[in-house]
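Several structures are given next for inspection.
Next, two complexes with chain A in common: one pairs it with chain B, the other with chain C.
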Partner chain A sequence: MKFNKKLVVLAAAGALSAATAVPAMAFENEFHGMYKLKYFISNYETGGGGPILYGPTPGKPVADDTTQNLKTNNYFEQRARLFYTAKANDDLKLVTGFEIDSVWGDYAQSGATRNQGGALESDAVNLETKWVYLDFKIPGTPTRTTVGIQPFKDQLKGIFLDADVAGIMTKTSLGATALNVGYLRLYDNSYLGATGRARGMDDLDVGVIEAKYAVSKDLNVGGVYYLYADSRRSTTPVASAAMIHTVGLTADAKVGALALSGFAAYQGGVFKGVNGVNDNDSAYLNALAYNVAAKMPIGPGSLRTALLFTSGNAENTGYHLTGWVGTSQSKAGVWSSTTGTSTYNESGMLLLNRNAAAGAGTTDSSIVYNTGNGTNPGNMQGLYLYTLGYDATITPKCYANLNVGFAWTAHNNSLKPTDKVTNKQNASNFMGTEVNIETGYKMYDNLTAVVQAGYVILGGYYKNSVTNGAGSAADPENPYTARLGLNYLF
Partner chain B sequence: MKKLIILLVALIIPLTVLPSFASQIRVFVADMNAVGVPNRDEMKNTLQTLLASRLNGERIVAVGSAAEANVVVTGTYVTIGKVFSLDALAKTSSGKTLTRAFVQGESQDELIPAVGKLADKLSVDLTKIYSSDQSTATQTAPGTITAPINSTSSIISAKKDIIKSEQQIKPALTGEFIKPQEIEQGNTGAWMSKRLTGAANLMAIGKTLPDGSREVFLAEDQRLSYYTQGATMKLVAEAEFSPADMIVSLDTIEAADGNLDVYVTIIRSDEPASQVWQLKSGKLVQVAEKLPYFFRAFSLAGGPKTLYAQAMGREADFFGDVYEATRSGNNISLKNPIKMPRFGDIYSFNQFRNSDGKLMTVVINPDGYLVVYDSVLKELWRSNDKFGGSELYFQKEDLDNARATGDRFRWIFLNQRIQVTAKGEVLVGKNEGFWVLGNARRYKKGAVYCFAWNGSSLEEKWRTRDTQNYMPDYWLDESRNELLILQTVQRSGIETRGASALAIKKVE
Partner chain C sequence: MKKVAVMMLAAFSMAVASPVFAAEMTKDQKNECLLASKGCANEVSSIQTKMKKLQAEIKKGKKVYTADELKKLNDKLKEAEKMIDEMLANP
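Showing the complex of A and B:
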């Protein structure tokens, strides 16, 4: 019996060794990640995220801001992301991504949830899962498939959908042609218990077809089609279903040293049962967006300029909507002003629009938070955003980026601020001018100390739209932000 | 009692003397220079072997490396007309001169006897010195010679620098322990430069100058340095680039006009904006700029050194085929496209021929495995071990992924070169390190491996001993059978350019 026990132990040890040895030989473990710490000084940013300065009477950032001047918020935000990929071989891998983020001093221990845990004694359950997906090549085909919760960004520079989302994407390379086809399930409202219907009947789905052709090393052209199919009985506008087709053409070219890129896109669709009466009571959508951007090396850096246009709705749209619609949806089927599922990173802005490349993530605050520049399909104001910037490499370790941007609404509607003196909406569509600078110093290849500072001079769009501390009509205070940060990226 | 004491004294005295008689002088014949003779390299090796074997005797043992030796002998063989002279210099391992000797002869027929005579003279002198205990150096542990000798190709032997793979381990005659056994690659070894200012990422070799020295070009992130490598590395000229430039490749090739073109592949504002430099009156002069290609000059399948180019695409970091390139002023002409296999790009591939003469392609894939493809680019084999590994990268703005990754840039790492010799051997560098995590890479040691295709897989023929530092680049100078290994002895930082060193090992 003693002998048998030893034998069992040996056999178990052997089996364990073999089991642990095999994955080590077969798998490649790949790690990437980042840690960003930012200290904010700002009059509008509070660490909450979402749009600022919107609506007929733009709100103040914090409740006790009753003085003439807004109080200055200062807070620290930290965000860590860890990406682990278990690679079985070149054609099969499991990709995972996790995030731990918090604002210093917010909540801790059992009182804390996601995006929190920075208070005394920490110990919060705040590990977020961003990605879990399988990435594999279908044997014998040129098609790669990603299945699971994964990052997705449209080829319209993110103005429709740029988010982590569950779905199936296929990527097929045929010579110079790349074809992406996919299905994404953004929400299934049967999980909310409100509908009581079978799984999969009350969904918000997105279908994807993207084609890109490399004509030469200096020219790519492409076409995209995105289907937005919402059968969740959205509440704003009240509709039993919505189906939006987005089609677009894209191009990316280099002419000499000048790099040009852009797109033109059209959205057409229907919101059924907008008055909740019956499905035939429908509103129709016809919206446009276009972009053109240029970049050229000049001196010790690059000069960049870009224009983004999205169409907007007029005041009383009736059954004819013309505002660009993104995917800013909440799980309750409500168009949400705080859902950050579209981006436009080319701008280089800090406050004027949501630029995920310069921002912090879910706590980003901006004047134009979603690219339709509204809070629901009925009040999308649209946008003209012109930006100009210069990215300079001062020394191999030090850089400075200077940006200026101008934003206008494309159309007037109920969201436009009201002049508190005349009690009428302001005539001007000019939302404001942002000037910002970012400088960074590379302490190591992977660690950069960053300083960002931005100031927005609000335009006539906001004239006399708030009541100041003395009780009289006034312009809202110009937003500013100053951020000191450390970025560790690997 | 007296007798007993005398007997004991008589016994003890010889015992105390014995060690000095018994200890042999360990002599290493480091290098024999040959001047004015044909087949110079061959002659040097021959003389080295002849002198070592003739020194070997009862009192002197010829050892295989400077590290093992008490005495290091160097020499020169000079012929003027028919007359020749063999001169030798013996030093301690710490560099102190012990003795000199020479023998002259009237014709080549007397050469071998002359080596014997020279060995005799040295033996007598060294025996005298060590018997009379004039040298304190003999009591010290043998040191390592690092100082270069007096000629460009004077590579001090350190036989253990090259290790043959097939006999790396040999079971001990008895017991369960396995002892490593190193097999020396010829009677040659390593030379190490002094510390060179600047942590160079790249190295390219130019021409051999009339005095036998060699042109060496080194590139840091934003600096090109021109050295001549003779007995020492001499910095001749430098050129500094804009902070916005990132040098990602450095290559040399003889231009149509006979000058040496130095191709500096540069990434500027996310795009290749390469430059060509030439040496004019000992200065580096730019002769072309803003070339929108990645360049690499190498011997494809061990053939003649040729310049190749590959473009960057709007999305693809390396776009399409690799082409043979020729330059005329600022214009680059492309011809003879080479299809890239999966993972292949201009910096990660080479070709070799199998025994049937069929062209095979070898690449280092992003995970570091060597992958061999057949003539139709179908994968045939991949290594189990990892190779390559480089800290050199460039960045491209990647706003499409900025939200997901948190990084505004994509990092594109350039891998180690794959060199294929005229004999079809495949050389590849390998760096290893503790901290290699995603885009954070800090390698700490490197080696060069030599493989040969055996019909089914790449079989290791030899490898170099690991360097003590990260090895950013290497190059086998086939004309001299010398392996040049660039090492980063100090990384660049906020206040320092860092430092490099160049090691040269003889490969036979």
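Showing the complex of A and C:
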């Protein structure tokens, strides 16, 4: 019996130690994601993406729309994002992100591709891979590395590049200094068979150096450098290659309750062979951008204000370009007005500029779609965008944001609308005023019902620039949008 | 025999007791799951719950955590905030 008792105690001790032993480092599987559904009522938004109301004769959103006033579009758009992170430990993880977008009733089954699959019987092959990257700390160093297809947003608030890209980024913290250095490969044109040359010779590459120094708890200053090196045999307006250097100074500070932030940036570079004659037929770029923003808690919320400036090109630029250049490029090397790879979310606008935070996702449309406010480096008009907003927390479950914004082009060129009465370009640079409101109610911790509504009063820039249903010159109809939505986040 | 049965029962109940979840942490205990991915068992948190837990742990301050550990928790909170921003605002 004595022996048995000992055995029991030993067994109990063994079981206890097994119960309390914690694995040295458990492998962690993290799942997160979101679902966003929006119902749209709008005269210009059609479930597509890209700029609206641009060019000498701003086009109508629907081709067969010949009425005096535009017809109203109504559609549902949904977007789901699923993220899985395989975390070996705090210093090593694989991050993956997937996306499924659809507009209800669009296409289904074999006729559907990405961003579709909302029609009868669904069953579309429409799962997009958004991110796949390894995130690890280099042992014995203060450097973290992310390698793979990953999100990248520049420290100029996204006005140069804000997109998912393949590359290598390193982040190093040295005391009060944070340093990011990276290489991103945006395109390799040898995959298109256009060049017939070896892999890696005809690329669009971006190099990144970002430094931030914390002067004090309330003041950060920084410097950025982005290299945009396009070695592809591109078409309009670049015939052979482009090299753009973007340098900027950034700062953010807290003065009591007031939060300030801003940047000033310069772009300098060369576009070779602009007229397709030969590589020596080059145009040179000198462009500027700056931003100042302030935010302060007042009453039950915060008051925000911001100004963004990007420089523009004149009518006949010759070989001296002065328009701010984002990174809106298609895979064929053509500068694309519909490829959105730069953003400015601070504005709080719904229609005036591309604000990815308030937008619906794939189908976002706006008047100033890329931050240079043009369709290619030769016709960037530049922008002055002043915005004022108030974010109110009405109850812990209910919020409301009110925004107003004013946009002007910085320069006149061929994109400016013509008055169909005088047949001359309008004198005014004023594009319009947007007023919008967003309210949300938290149905659960993870689910918010949202209402957004925005209206743009177009400025003199658009005067008499379209022909109405009766065949006479008219102002384009003022854009409006109303959206009812559900946001689930987990 | 009764004694043996009680001891076995006690040992068994301890063996199957699941690791303490973050919500059950006392004010003076460290949350090893949040801090070092230890003892997370089958815990699955939404991003909002994870942030709330991190905020609660950060509030415990230097009484419970070292300066390095607090920095780690703050970094994780920033990482979660960035994740939300990227989920909603990434184009």
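One rule holds in what follows: the second predicted complex is superposed on the first by the 463 of 490 C-alpha atoms of A that agree within 3 Å, B and C clash if a C-alpha of one lies under 4 Å from a C-alpha of the other, contacts with A are read in each partner's own complex, and residues count from 1 in each chain.
The criterion applied here is as follows: contacts are C-beta pairs under 8 Å (C-beta built on N, C-alpha and C of every residue); 3 or more make two chains touch, one makes a residue touch a chain.
Quick caveat: nothing in here was measured; it's all calculated off a predicted structure.
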Identify the partner contact of A:N316: answer first if only chain B is touched, second if only chain C is, both if each is, neither if none is. neither
If you stack the two complexes on chain A, which partner ends up touching A:A214: first (chain B), second (chain C), both, or neither? first
One more residue to check, A:P297. First (chain B), second (chain C), both or neither? first
Once chain A of both complexes is superposed, is A:N423 in touch with chain B (first), chain C (second), both, or neither? neither
Touch check for A:T343: first (chain B), second (chain C), both, or neither? both
Per the contact definition in the header, classify A:L489: touching chain B only (first), chain C only (second), both, or neither. both
Per the contact definition in the header, classify A:D445: touching chain B only (first), chain C only (second), both, or neither. both
Enumerate the residues of chain A that count as touching chain B in its complex and touching chain C in the other. 28, 31-34, 36, 81, 83, 87, 90, 151, 153, 162, 164, 343, 345, 356-357, 361, 445-446, 487, 489-490
Chain C residues touching chain A - in the complex, by the definition given at the top: 3-4, 7-8, 10-12, 14-17, 19, 32, 36-40, 44, 46-49, 72, 83-84, 86-91
Residue numbers on chain B that touch chain A, as the complex places them: 221-222, 242-244, 268-271, 273, 290, 311-316, 319-320, 342-343, 365, 367, 399-408, 437-440, 494
Chain A residues touching chain C - in the complex, by the definition given at the top: 4-5, 8-9, 11-12, 15-16, 18-20, 22-26, 28, 31-34, 36, 81, 83, 87, 89-90, 151, 153, 162-164, 340-341, 343, 345, 356-357, 359, 361, 364, 445-446, 487, 489-490
Touching residues on chain A, where the partner in the complex is chain B: 28, 30-34, 36, 79, 81, 83, 87, 90, 97, 130, 151, 153, 157-158, 162, 164, 212, 214, 217-220, 252-254, 257, 259, 295-297, 300-302, 343, 345-346, 356-358, 361, 392-397, 443, 445-446, 487, 489-490
